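In the two assemblies presented below, chain A is common to both, partnered first by chain B and then by chain C.
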Partner chain A sequence: MTKSNFKNQGLNSSRRDLLKLMGAASALPLLGACSSLGGPASKDLSARVVVVGGGFGGATAAKYLKRNAPDLDVTLVEPNKVFYTCPFSNLVLAGMRTMDSISHNYNELRELGVRVVHTTAQDVDPVSRTVSLGDGSSIRYEKLLLSPGIDIRWNAIEGYDQAAAEQAPHAWKAGDQTRLLRRQIEAMDDGGVFVLTAPANPFRCPPGPYERASLVAHYLSQHKPRSKVLILDAKDNFSKQGLFMQGWKDVHGDRIEWVGLSGDGKVVRVDAGKREVETEFGTIHKASVLNVVPPQKAGFIADRAGVTNESGWVPVDPVTFESTQVKDIYVVGDATIAAPMPKSGFAANAQGKVAAAAIIAALEGQRPLEPSWANTCYSLINPEYGISVAAVYRIQEGLIHESSGGVSPSDANATFRKLEADYASGWYSAITQDTWGTRR
Partner chain B sequence: MIFRSLLAALALMFVMSTATADQRWQRVEAVTQALDNRVPELEGLSLELPLVAEDGSSVSLSVSFTGSLEDGEHIEKIRLFAPGNPRPEVADITLGPLASPANIATRIRLSETQQVVALAITNQDRAFLTTRDVRVTVSGCLVGGGDASAMAMANPRLALAGSARPGQPVTVRSLINHPMETGLRPDGQADDSIEQQLVESLTATLNDEPVLTARFFTGTSANPYLQFQLTPEEEGELKLAWQDQKGEQMEASQAIKF
Partner chain C sequence: MKTRFALTFALLLPALPALADDQANAAQTALLAASCANCHGTDGKLAGVIPAIANRPATALENQLMEFKHSDSTRATVMPRIAKGYSDDELKALAQYFSRIGSAQQR
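Then we have the complex of A and B:
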């Protein structure tokens, strides 16, 4: 039994209130409230803040830093001119959206006065407070904010290295990997098997693999109806498990098969050339398309800055998201240890605002406000069938705790499921507009 | 004077509080009983667990001995405790000389944030102890499936990771499906209407020579998993036998070939 099952019993009404609060676009004002600064900064704030990473966490932080403290000198370092979101990339895989519709840019940030530099941060020296950049230059900071997302732990599964990902894509960072996987799915023969391997916790987007399996199954049902989806999982429990399983049964019949850890679902070896995987107890599965969602860690720049611990992720002060290991370096998003908050775009956006407010407060010599956060993750079983998990997080005894939350009701009717699918698009438009200012 | 003794008292309090923080295991009865007046060495045993467990119902644990032993000395027992669980016992593993080096991995239940304790005892009666703090964000509520018909063991699995060579360690993995019903409810109390049903033990033999015996308790996850090292001297048959609380048995075997 999982925690959400527990919660379902007593918290239905609070969940309903929460959903009302969070219904699509109205979710964002709730976040705005917790990061409000009480008006723009009054003191001379000309300090230099460097933000590394222009994804959900970094772009949001850069925007809210500049917006709330216009005199602040804010530089954003991000190699890509176009950012493709992982959220809704599963819809691209299923042919329900174009890559264009999940692309965003840095025009709004430039208009706000953020200096956007398209290069990679290579190293951080916390003593001289400099970041060295891929173009050979370096840049000094008073406060540094990292939101580098994840890196893949290559070879954590035997045989799964960077070259293997060209044949068996992960598509766990959106862009070329998404295109590659989409091409493979389109080229798959009818009657083939799409094999997805899912990692143990923690990893980016806990419901992501299961939404992907759902939407690939949806595509297959329309274009290659004799094909199947097999999920090989290194866990026995996963996010919204009950709802996914029920949704699969309702919508996809037996097209999707899930094998958990105790059913020998943990993959220990990948042969990308043969599109073959081997599990812990020696079962070999052959795939027509092999999608490996591999074990992950914080983006490498976090390591270079000395903010990761032995887990490969970054411990932070939950009030400010400042590193507990290196002063004046703030880290948000997937790279951090913020459990029970999930590694989601929604959470990264909210944390970006909290850290921006904390940086401004610190530069002004003020105490940071105590934050609270909300998170909703929508997932689609098919275009007409959405499910969600929602929660509010607060700080208790110096740690992040879930203070209320729950998942969609298990007995909801088709109208409700359709409504949640619509909320998902509303959510996407709202959060990407809040983060990059782009309208999608 | 008064000031100085106050400082001394404060310093002492500080020392005591840091000492107790690291030695919480000394107040765990199950641990002190297992130690049976031996004074453990605090270096040599290494325990790996995630710093944060996002699902307390199945937390990967591995324990290995990295210290040095005398000639003829080997690790004979490894015991695991989760003192923050309603019942602290997790697993007791008895190792024969073939199960070397002492290196065990399993999956455990943690009902809350706590310090996990591992204890190793050698055949020369030396003890080694180590601890590890784990934050649990979703509790492994110690509840099984509740469906009495599903309480039987099923699908015993056994596999070697790699190939066996004489005198060289090879990793052995084992798993059996079983809900491991603790008989406890989420509040940690026993409920008379629910019968505790556990896989009680796993015994490994090579050509009928004992390799290892594991006893499982409520702190072992559903579908007990055990990984160990086997250092075979000869070819033969590795046999695993699981036994549940009702006395039912299941077996799996694997040829060891060089």
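Then we have the complex of A and C:
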């Protein structure tokens, strides 16, 4: 752990204490608001809501806040004018899609009346309810919704820092890192080894590393047929494992090799310059292209707002997705602790809708609605072979609970696999339309 | 404190006008339905590889959802796994909800 982490934690705990005080002080007004249920006086739908982060969680929340309460003053803070999605970035790496086809913008949100500000959020002061912005200005909120995504835990693997990521890309945030990794894959000599290191749980997109391995193998089979893919994994089990392994055998033969934790798959040191990694028990693997999917934590602004706990992630009230540590700050997406929901774009979108409804209910002085969420994650073994995991989540005894779900059948035929591959594209069109209004 | 909250609500609820009840139900169904948009587009209107579900007859939607929930059709992919997460009444409410949404748009 670095010095700055300690500093942030100190800040967090002092803010948390303040919060407890605020929480106690606000109990009375809250009761007051509830007892006026049904009276028009309790409605405050011209309030200012600030959303930080324009990915699946934040853009969806901003859209559904404005659709369901048009009088709300909604501001979205997002540094990028163009947003590239992590979902389908594996298809870009395999040459099946262009970067343009995974790019989205904020035009629909502006048309809906959301004020979109392209700058960074630098700090949050929950006492004065102010977000400091990268352009030097600040903005006040009645309710704040953070969709911070992930940050990389630099140096959690020895030698893997920001400079190393320029030689051994993570490509776990889509954009320049995706382009860099694509260029390296294209430049790789036939007969080379693409090494992917996968982290322990929890991390963004649990099936993502295995879909990436599949699609890189697909590209290699067509363009560099003597090349291999090696996955070095810090765990023994992974999402849709049975389906992936069956798919690899069916489609990729022995091109993909997976080494789990108990087979000495955990990488502890990276030498990006030499494109070498060292595992826990000292095995050195040399890569032609080295893709490190590193350990992660909630995005920076969550730390600044004091909503993260010692795990580096954000505990939330499962019914509303309001922080359990700081009042009036709602957090959605990969940054949250929402298990058994996965850290996926689909889940972030679903959480954004639940949090938007909870914010509107709170401003109206109403009890929150009963939440429900769905998640479907498609993964491609190759363009003709798709697999999926799907689930519905409800609240049971105060906790998020999987009320139904499962993975694709193991005995499905080629028609079924092709259908799921097609549905993956249909899903991408639909969720990006629902989130940004773009047509892809 | 929690008990007092519950009591306050119990006392207030019968006095609430029916309109507020309807609005709350409508908001509840809209939130339930919002999950469908992730694959069927906003308001279930996006027609593509995955079909639009807006503006289709309620009985057709209801029958399809019940079949997903109660029979293990081998042709269907994710919907049997998803439909089982909802009560029959919720699936009926969803069918009604989407049948009342205006015409579908083409991709």
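What we mean here is this: the second predicted complex is superposed on the first by the 396 of 440 C-alpha atoms of A that agree within 3 Å, B and C clash if a C-alpha of one lies under 4 Å from a C-alpha of the other, contacts with A are read in each partner's own complex, and residues count from 1 in each chain.
The rule we apply is simple: contacts are C-beta pairs under 8 Å (C-beta built on N, C-alpha and C of every residue); 3 or more make two chains touch, one makes a residue touch a chain.
Treat the numbers as computed from the prediction; the structure is a model and nothing was measured.
Overlay on chain A: chain B and chain C fit together in the combined arrangement.
In the superposition on chain A, A:V268 makes contact with chain B only, not with chain C. Looking at the shared chain after the overlay, A:N201 reaches chain B, while chain C stays out of its contact range. When the shared chain is aligned, no partner comes close enough to touch A:T119: not chain B, not chain C. Once chain A of one complex is fitted onto chain A of the other, the partner contacts of A:E420 are limited to chain C, with no touch recorded for chain B. By the touch criterion defined above, A:N107 lies against neither chain B nor chain C after alignment on the C-alpha atoms of chain A.
The partner of chain A that touches more of its residues, comparing chain B with chain C, is C. Once the two complexes are laid over each other on the shared chain, residue contacts for A:D236 go to chain B alone; chain C is not touched. When both complexes are overlaid on chain A, the residue A:E280 reaches chain B alone and has no touch with chain C.
Shared-chain residue A:F346: touches chain C; no touch with chain B. Here the smallest spacing between CA atoms of chain B and those of chain C, following superposition, is 15 Å.
Comparing the two interfaces of chain A, the one with chain B and the one with chain C have no residue in common. Contacts from chain A toward chain B in the complex involve residues 1-3, 6, 200-202, 235-237, 261-264, 268, 280-282, 309-311, 337, 339-340, 399, 402. On the chain C side of its complex with chain A, the touching residues are 1, 5, 8-9, 12, 15-17, 20, 24, 27-28, 30-32, 34-42, 46, 48-50, 74, 77-78, 81-86, 107. Within the complex formed with chain A, the chain B residues making contact are 50-52, 54-55, 57-58, 60, 135, 137-139, 141, 143, 155, 157-159, 161, 173, 175, 177, 186, 222-223, 225.
Chain A contributes residues 27, 31, 34-35, 37-38, 64, 68, 346, 349-350, 353-354, 357, 366-367, 369-374, 376, 388, 390-394, 403-406, 408-409, 416, 419-420, 422-423, 425-427, 429-431, 433-434, 437, 439 to its touches with chain C in the complex.
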